[in-house]
Every structure is written in structure tokens, then in C-alpha cells.
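The chains carry the letters A, B, C and D, assigned in the order they are written, with residues numbered from 1 in each.
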Amino acid sequence: MTKPINIGIIGAGRIARVHAENLVYRIPEAKVLAVADVIYDAAQKLASAFQIPASFPDAGAIFDDARIDAVLICSSTDTHAQMIESAAAARKHIFCEKPIALDLAKIDHALDAVKRAGVKLQIGFNRRFDPSFKRVREMIASGQIGAPHILRITSRDPAPPPMAYVQVSGGIFLDMTIHDFDMARFLFGEVVEVYATGNVLVDPEIGKAGDVDTAVVTLKFANGAIGVIDNSRKAIYGYDQRIEAFGSGGVAIANNKTPDTVVASDGAGVHSAKPLYFFLERYMDAFASEMREFIAAIAQDKPTPVTGIDGRVPVVMGYAALKSLKENRPVKLLEVGG
Amino acid sequence: MTKPINIGIIGAGRIARVHAENLVYRIPEAKVLAVADVIYDAAQKLASAFQIPASFPDAGAIFDDARIDAVLICSSTDTHAQMIESAAAARKHIFCEKPIALDLAKIDHALDAVKRAGVKLQIGFNRRFDPSFKRVREMIASGQIGAPHILRITSRDPAPPPMAYVQVSGGIFLDMTIHDFDMARFLFGEVVEVYATGNVLVDPEIGKAGDVDTAVVTLKFANGAIGVIDNSRKAIYGYDQRIEAFGSGGVAIANNKTPDTVVASDGAGVHSAKPLYFFLERYMDAFASEMREFIAAIAQDKPTPVTGIDGRVPVVMGYAALKSLKENRPVKLLEVGG
Amino acid sequence: MTKPINIGIIGAGRIARVHAENLVYRIPEAKVLAVADVIYDAAQKLASAFQIPASFPDAGAIFDDARIDAVLICSSTDTHAQMIESAAAARKHIFCEKPIALDLAKIDHALDAVKRAGVKLQIGFNRRFDPSFKRVREMIASGQIGAPHILRITSRDPAPPPMAYVQVSGGIFLDMTIHDFDMARFLFGEVVEVYATGNVLVDPEIGKAGDVDTAVVTLKFANGAIGVIDNSRKAIYGYDQRIEAFGSGGVAIANNKTPDTVVASDGAGVHSAKPLYFFLERYMDAFASEMREFIAAIAQDKPTPVTGIDGRVPVVMGYAALKSLKENRPVKLLEVGG
Amino acid sequence: MTKPINIGIIGAGRIARVHAENLVYRIPEAKVLAVADVIYDAAQKLASAFQIPASFPDAGAIFDDARIDAVLICSSTDTHAQMIESAAAARKHIFCEKPIALDLAKIDHALDAVKRAGVKLQIGFNRRFDPSFKRVREMIASGQIGAPHILRITSRDPAPPPMAYVQVSGGIFLDMTIHDFDMARFLFGEVVEVYATGNVLVDPEIGKAGDVDTAVVTLKFANGAIGVIDNSRKAIYGYDQRIEAFGSGGVAIANNKTPDTVVASDGAGVHSAKPLYFFLERYMDAFASEMREFIAAIAQDKPTPVTGIDGRVPVVMGYAALKSLKENRPVKLLEVGG
């Protein structure tokens, strides 16, 4: 076996734990050397849970460790851009959770640092690695649906995030729809214009925070196709993640994932399992797969599958959607920095 | 058995044939006495096929026949409004295919005549009578999906109509989407604003005729819910007619109808039947059911299930969509006569 | 239009009504001239419901009417054989509900009469005409499942018949499984041996009548394939009628038919409609289709799709199953008259 | 964290690798200390792949290692019984792949040794741990299908094993159906009688080896229910593993698992993914889960979920099936050692 890729993890929260588990248990090509979190106790606990040799209260120790090849940035969103710049300065390859930042200038500054340092950067758009969505992409790429005409993305959360999070999240378009914007680009290519409608139908508190909880966004693609995303902060039946790609040659629909395949019939009807409720379960395979590809990109010195620009454009789309919602008119990406 | 409702059919084309067959073979409460068509040969053929006693080259003979209780207006769209007025003047109850007219003033004039005459009027929005769509409506009405949040209507034809028809049809929104506009109202109630996008992706000839063949229309409902309709003039796999009603209590999805229930697995995959290709097959039950309800409304002197106003509003929505597409902005129904 | 086939219906019960409706409303090539039933009132009611010109308390009047080309024998099972002989003597073509008789000698006597008279005979194995089962047969015939290996037939009634009927029915194998025996032959060809197990799990009264209500029958086909039928007199979720044909090239599974295509998800699960509960609904299309083919066989002077021998063999299989159950051993059809 | 359970693995083939991976990467409560295989190279490779500290050419070294708490017996079937006895003598807990032996006397001798030593024994009937089959069992246990009436198990391999394996496997009933016999007991309880039919339809070589490749086995349960298992050595569309449990309260059907949820429609039909082809993929979760429960049974000193008697009875059922096939008659388990 060749020398493993040495990893440092920045942030020790829920998503850091997912990546740690995948790296430690499922990706023998990688070795996690350290984890850092401003809440030092969290870093220590994560280190202990996965036999990670070192834990720190500060990311600096990771940047300073010459053995570390790459870092995962799993800290809070407002630190991402700065962490990217520090990591680039330390010549570490970077996996960064989405979004890079809520501010385009900061994103551009960070991407510039990455470019200058010549390190690899992968953004955590995990859904691209879901087996069903990947299959839809392959069918489009191989021409099985013909010329793309209409793309439908349904993306509904099982429950709204805590209000404290809603207030700093940048709003539904930058926090939740951003995944769908990435998926739209992944499947049908670049978008030139968006029109967003939204309303507060789930929780009035979300409205008080200046956000909406139910939204439909129409997309005009550069290739002439039309897309539509529908979002809700609360689907009572679980995490609803479906995609439909329609074209001249047919349609490909990716349906939800269920915990089992049992269909039961009784006097009341025919019943089956709800979609997996929790995003970590739903995208368990996808999280493992994105990490595997990040490690492979480093090991084989090839481009990462989700680049810096892939991290930037969905933020632009989010801004366009926000402006569209506010002004109730279609907005071109070029108007907001596209 | 009580005295049957005597019917005269105006127009002897494809849809007249469907209604004649249902009335003659499946609705013993009705009796078709006559059929009229400007192409007299067509009227004669229809009469002969279904043992209809009389056929005429002119609708006048039907209006003049005192035994006839009700007429079905199945002639070309441009004659509907005038036929309604003549029927109302002759005190006949009226079943009229959609749309009443492409001109709102004509619609209002015709509806006024109906009102003054005190006759019943039912508009041919057959899809309301489809067992699956009716079931979705019942589930909404009984609160099974909770408060309505998002409505998705997919409506794709298996193939575009002949170009000659496209040119006089009023365009995709007044010819095809009009059914979806009706369905939207049927399920989620009144719409206040629409935003339409469209493109020519199926056939450039449609573009030359000034129309689009692929469209996505966003709807804002009076109750705060959001709707989205996606249309295509050509789905290679058949007639694609699906509905998804999402709310605080869950989601109800009406899927396509297939000719059989066989699922076959072989070395290449798992395969099943395409949706029924032809709208007459897809909505066979619905056509019979709408006619049954029309006859019942007369026999029991109760309101028809699809009234004159139900014929008017979708035309307004079509105009709003047309204006929205042209001006690339959301348009309120009030702007175009709503 | 050519001269219609004139029909007399013998028996005015539930199944007679189905055939009358199909003939009168859906098959213009046929004309029902008369109906006879020993309960004269029933005959009169049926005649009145479908505008049938004549009704009689006795089948004799039908046999004597020279205008009548063909009869439907829908009277009680114990009269079938005698009615066939009388009809054959009167040179009428014959459609006879299953079974011809519960006694093989009687069947042979009746089939002999048919043969000597040179009239056509079709047995009412309606399921052969179900669109999904026909599709499976076509797939087998066209080689899409390859060489046949395993056939599975699930056939469960929504509720047991009245005890009075159970007592004269000949038992589950001759009353209920007989349809599945026919289906087995229709799909995979001749059977040489059966092994039947059964138990009383639904209703002890059925056991007291000497019958079982739950059964599994294994079939050895002449071509080496193996079949298995499972029966229950009571499936709480409705009429369960499925078929699975497995072979070297794949598998074809015909699933149940539902009244609608709605799939609803809520906090408790994902729900859809139960199978159609009632056999007349489930096989509505099949009943119309078998009658259409009977009329066509006469009109075009071609063999009927379900012949006398097709009526005989499933009775033999029923006897073999009965003997197998009693003796708890596999029984060859040859042992019981095959 | 408490002290981990120390494991030694005997055998270094395909299934040993699966267990090693699960223990090393997914079950932190266990620690694999050594692996032994008579093909020493295989043991060394497995040790190296999963950082297992020691590898041996002989199981003796494992039995002699006092630190080792439990062994996994993954060596060839003919060694299982002897390995169990040696492990019991060394006071190791035991996980043993199925079957314990093909000879009942050997099984009884081994189980006796286990009993005397007071160690835990778990048999590798992995399918019990499949999420869908477990769900069916829970539904039965909680009364959701009511009283059990009919059980159907479909179990078809994607391709026959190598002929060399067929010759020593004990035949289809002891090698393949044995899993289904276990599943039948797991779901519906004890079986008293079986009737087996079988044929050579897949590969004449299998027939030359004295075995069949296609089989249907009927089961009579002690509770009066009836079961039926259908087996094929070759399903061209993949690994077909389905279960249907029918009772007075309804039916629960566990369907196959697919690699993705994409449904694609084109001009030819509607298509979706085949079942997972390979048993290791199909039962990936089940293998991890059975190992987790084995470790938990040791750690918490509770009974294992699949006991020695659970390993014995399916072998008896296999013998009964074999005798039934040979003599073409139903055979009671009591006749062959049940």
C-alpha cells in the first residue's frame, strides 16, 4: 500500500463526525492525524471516538503540522473563507463544507488564495454522489433522455432547523436551495436567470426572521431548458429528495430512499415505509463517496469532482433568488455577480 | 324508470363520438335524439354508428326540436360562444367543450345569455372526473394533506397537434395548459398571479407559429400556496398526467395510468408498461363520468359540477400566462380581466 | 354492417347481467333476443333493464327460436351439461360458464353432443382475457422469459361464498382453484401431476362442510417446469390475483389492479389503494373481451379461444387435487381421468 | 469504553473478509487479533488488508491464545463441526457459518460440546438480519398480519456455483434452500412436513452431479399454516430474494433491493434497476448486523439470536426435502431426525 493521505479535521460537529467515521473506517487510503475545534472538549471527544491521535482547540496546530496533506473544513459557515485562506497558505489540500461564504467578495478572495497556492479544493455538495442522482446524471450524459427540456427538483426537509440557525443561515435559498442549485447545474448545466416565489406556511417564526419556509424557484438554463425547484422546510413524512429530468428521449426520475422494501396490505390500504427521515441516513453513501473521491483526487493528483467555482455559482444563484423574491421579478445571474 | 333526458349533439367529431358512445351505451337515463354537423356526412355517420334517430347539417334543427332537453356543444372552438347563446335562447341545458371562447367579452356575453335563460351549463373539463385526480381532491377536502402548501401538475402530451391546429388554438396556454389551470383551481382554489416561462424545444415550426412547446408556469394561490405546472407538447413515452398536492399533513401523488400491471425483469433491467398514450383512453372513465354527472344535474335539478365561471377563469389564467411569457414578469389575473 | 349474431341468455343471475350489459352496450355485432330463467321474475327484470325483447321461464323457448344463433349458459352449475346438450341439439353455438359439470362422464357426454352437432363451444374462463395475464402469455409465447421454469399463481378471494354455495360448489379446487388450473395450462401448458395441501384457517364452518379454505397446490408440467398455486377464501385487503412466470430469460409478474393511482405519504407511512375488491370490477375488461371474442368466433367461423377440452382438463386437475389432499400424496392426472 | 471482545477468525476466504471488514471498521466493541487459514498466504493477505496483528496457517494458534474471547468459523463446511468442538474445548465463544455439518450425528456431537463448555454459539443465518425480512418478522410478531396462513419465499441465485462446489455442497436443499428453511422457521415457526419437487432446467451438469437446479418445496407448519419456497440456481436478472407473509389480517411482502431508485421512461417502456446481483451486496447490512449482535451477545452475556438448534433444524428440513424429492411424497421431519 502506498503512503496514506494524512488528514486534519477542523470542526468537531455532526458533519465532522460523519467524515471522520468514513475516513477512519471506510477509506484505508487516508489517515486522520488530528482534529481541532474551538470547543476543545468536542475535539477531544471526536478524537477519542475514532482513535484520532491528536486534538486541538485551534486549527493553527493543524496548519502547522507538516505531515498533514489535507484538511476538512467543517467549522461554522462564517469561518469557512478564512480557514480556506489559512489552509491554502499552509499548502494543504482542502475539503470545505458548503457554502464557502455568504459574501461573494470573500468567496472570490478565498478562491484566489487557493489558486495561488495551487492546492486542491473540493466543496461539500454531497448529493452529487448519491447513487440515484449520479445515475440520472449518467443517463443525461449518455443521451438516454435526449436533449434536456425540463428539470424538476423536489427538496423538502423533515423539519425546520432551530430558529437560532435560521437567523444566521442566510435564508432558505443560501442554506437549503443552494444544494438544489448545485444539483441543477450538475444535471442540466449553467443557469442564466431565476424567478423565486416563497411564503411562510410552516412556521410564523421563520417569517419574523425575514425568511420564507416554502418556495418554488424557476430556472432558465443556458441551453434553453427550464427548471423548477420546490422547497419546504417541513415534510411530515420525512426527507423528500426527488429529481426528474425530462428530455426529447424520455424522462428519468430519482425517487426517495426507504429503510426497507416491505409493502403491507390490510383492510385499510397498501402501506410502505416512509423515506429516510434524516439527511445523514439519506446521504450516507453519498458522504462516504464524496470523501473517497476527495482522497482519490489528491492521491492521483487529478481535479476534484466539485471545484471552487462549483462552490461559488450556487451562492450567486441564491442571491438572484433572494433578489427575485424581494422584487417579485425574474433576475439574471449577471445582475448579482454571476 | 323516469323519462329520459333527451339530448342533441352539435358537432360530430372525435369528442362528439366519445360522448355519444357514453350516452347511448352507458347512461340509460339519457337518449340521444339528434346530431348536427356542418359536415353533414359526419353527422350521418355518427347517427348511424350509435342508432341516433336524426342527423342534420345545421344545429338549428336541434334548437328547434322541443323534445330536446339539452345539447352538447362539440363543434369547433370558434363556434362555442354563439352555440351557447343559441342554445340558451332555445332553453336547452348546455354541455360545452372547453374553452368557451378565446375572447373574454364573448365568454361574458355567452355566460350572460345562460344566466338570463336560467338553463344549466357544464364545461367539458373532463380531468376533474378522473378517479385519481378526484381522489386527490377528496383527500384535500377531507384534510388528509393538511393545509395546502405546494401543488405540482405535470401535463405532457405524447405528440404535438397538427400545425394547422396550433395556429388557431390560441397557443399552448389556452389550448393545453387551460386544463391544468382548471385542475389547479379544482384542487387548491383561486389563483391571483402567474409567472410563465416557455421555450421552443420540440418543434421549430411551433416557434414559427409564435407559440412555445415547453413551458413552466408558477401560480400564487389566494390561500398562500404555490403551484407549478410543467408542460411539454411531446413526451416520447406517452401521455404524462400527474399531480402532486403537498401540505402540512402530507402529500398525495396521482400517477399515470397504464394498460396493464405487468413488471418484467430480464438481463437488461426491470420493465413495465408506458402510460396510456392517447387522451381518450387515459380519460375514458372521466369522459363517461362527466357526462353522467351532467345528465344527473339536469334530472335532479342541481348545479352542474363545472360551471360557467369555471369555464371563464382558466381563460383569464391563460391570458395572464401569455402576457407573463411575453413580458417576462409575474402577472396578476386582475391585470387581464380576472 | 353485417347481420348481427342473435343471442339467447339462459339464466338471469349476476353473471348473466354482466354478459347482457356487454352484449347490449359494447358489442354492436351481437343482439340479445331473449333471456330465460326458472325464476321468471329475474328473467323479466333482466330483459327490462337491457331492452331485451323477450323473456321466458324456460330455456326451451330459446332453443326453439330459429332466429337465435347462440346461447349463453349462465344457469346453475348442475344444469350446465344438460343445457349444453339441448343447445347442441338445437344447433346453437354455446358459451357456457365454468365448470361444465362436476362429473367427468357428464362433461364427456356434453362435449360429445357439441362435437356431433358441429357447433362452437366456449367456456367462461374469463381470466385469460385480462389484459395483464394476456400480456404475460404473450411474453411467454414470444420467448421473452425464455424456457419456462417456475409459475406462481396467487388467487385469493376477498371473502368466502355463502355456506349454502360452499356445500354444492364441489369444494375449493373445483370452484375456485379451477380458474388457476386453467391459467396454469394457458401459460405453461399441460400438467401431469399435482400435489395439494390445504387447511381450514378462515372459517370452521367451511371445515364442517368438508372443505378447506386455504390451499397450496404444486404442479408438475409436461415440459418439466414447476408451478405453485396459493389460494385463500379470504384476503382482508381485497381480491388478490397475481401471476409470476419465471424462466431462463427472466420473469414476468402481473400485479393487482387498483381503482386509482394515488400514493399518499403522511406521518404514518406511504399509502395507496387496495386491489379492486369485487371480481366483476377486477375482470370487467376481461368479461367484455371474452364475449367479444365469442361473437367474433361465430361471425368469422373460427375456433373459440377456450374450447370444450379447456373446460374438461381443469376439472380433472380439480379431482387430482382433491384426491391428493385426501391421500396426502402427489396424484397424476391420469389417475383421475386425465 | 469497556474492554473490546477479542476475536480470532478461522478461514480467510470471501465470507471471512466480509466479517473482518465489519469487525475492524464498523464494530468498535470488537478487536480482531488473529486470522488462520490452511492456505497461509490467504491468512497473511487478510491480516495485512485489515491491520490484523497475527496470522497463522493453523487454527490451533487461535485456540491457544488466551486473550481471544471468540472465534468466527469461516473455514470449509466439512471442518465446521470439528472446529466448533475445538473452540468449545478452548472455551471460546463461537460464530459459525452455516451449515454446522451435513451429518446430523456430527451436528449433535458439536452442539453437545458447546453445551458442555457453556460457550455461546451463533449460526450464520445472515438473512434474519436483513432490514426488510426483520420488518416482516416484527409485523408478524406484533399481529399486523393476523394469524399466519400462507408463507411464500422466493430465493433465486443469479448464477449457479462452480460444479466443484455443487458436488460437495450436499445439494440444493442443504446448500441453498437451507437459508429459506431457516427463514420459514424465523417467520412462521416450526415445520412438521415438507414436500419437494425439483428439476434440472438450468444446467444439465448439475443433473449429472445428482442434484436439481430448480425446486419448489411445500411446508406444513405446526400452527396449520402452509409455506412454499421456490428456488432457482439462475435468475438472469440478479439475486431474487422475496418473502410474502399472508394471514387473516393482511399480507406483508418484502421486495428486492436495488442499487438506485431511478425510474426511466422512454419510447420502449418504463425501466428501473435490477435487484443487486451479488449476495454480499444484497445482504451487506445483514452481515454487519449479525456480527454486531454476536459481539453484543458476548459483551452483555445474553443469548445469541441464532442458536445451535437453529443451525440443526434446517439441516433436518434439508434431509426431509431430499427424501421427499427422491421418493416423491411428503416427508415428516420426524422421519429424518427432526
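Heads up, the rule we're going with is that a residue touches a chain if its C-beta (ideal position, glycine included) is under 8 Å from a C-beta of that chain, and two chains touch if they have at least 3 such contacts.
Treat the numbers as computed from the prediction; the structure is a model and nothing was measured.
Between the interfaces A-D and A-B, more contacting C-beta pairs are found at A-B.
Ranking all chains by how far their C-alpha centres lie from the centre of subunit A, first place goes to C. Taking each chain's centre as the average of its CA atoms, subunit B and subunit D sit 58 Å apart. Here the spacing of subunit A and subunit D, counted between their Cα centres, is 39 Å. Centres computed as Cα averages put subunit A at a distance of 43 Å from subunit B.
Each of the following residues of subunit D touches two or more other chains: 236-237, 249-251, 265-267, 273. Against subunit C, in their complex, subunit D makes its touches with residues 146-147, 149-150, 152, 154, 156, 195, 197-199, 201-202, 214-216, 218, 220, 224-228, 230, 232, 234-237, 240, 246, 248-251, 328-330. Of all residues in subunit B, only 236-238, 265-275 touch subunit D in the complex they form. Contact residues on subunit C toward subunit B in their complex (touch as defined above): 24-26, 131-132, 135-136, 139, 144-145, 249-257, 259-267, 273.
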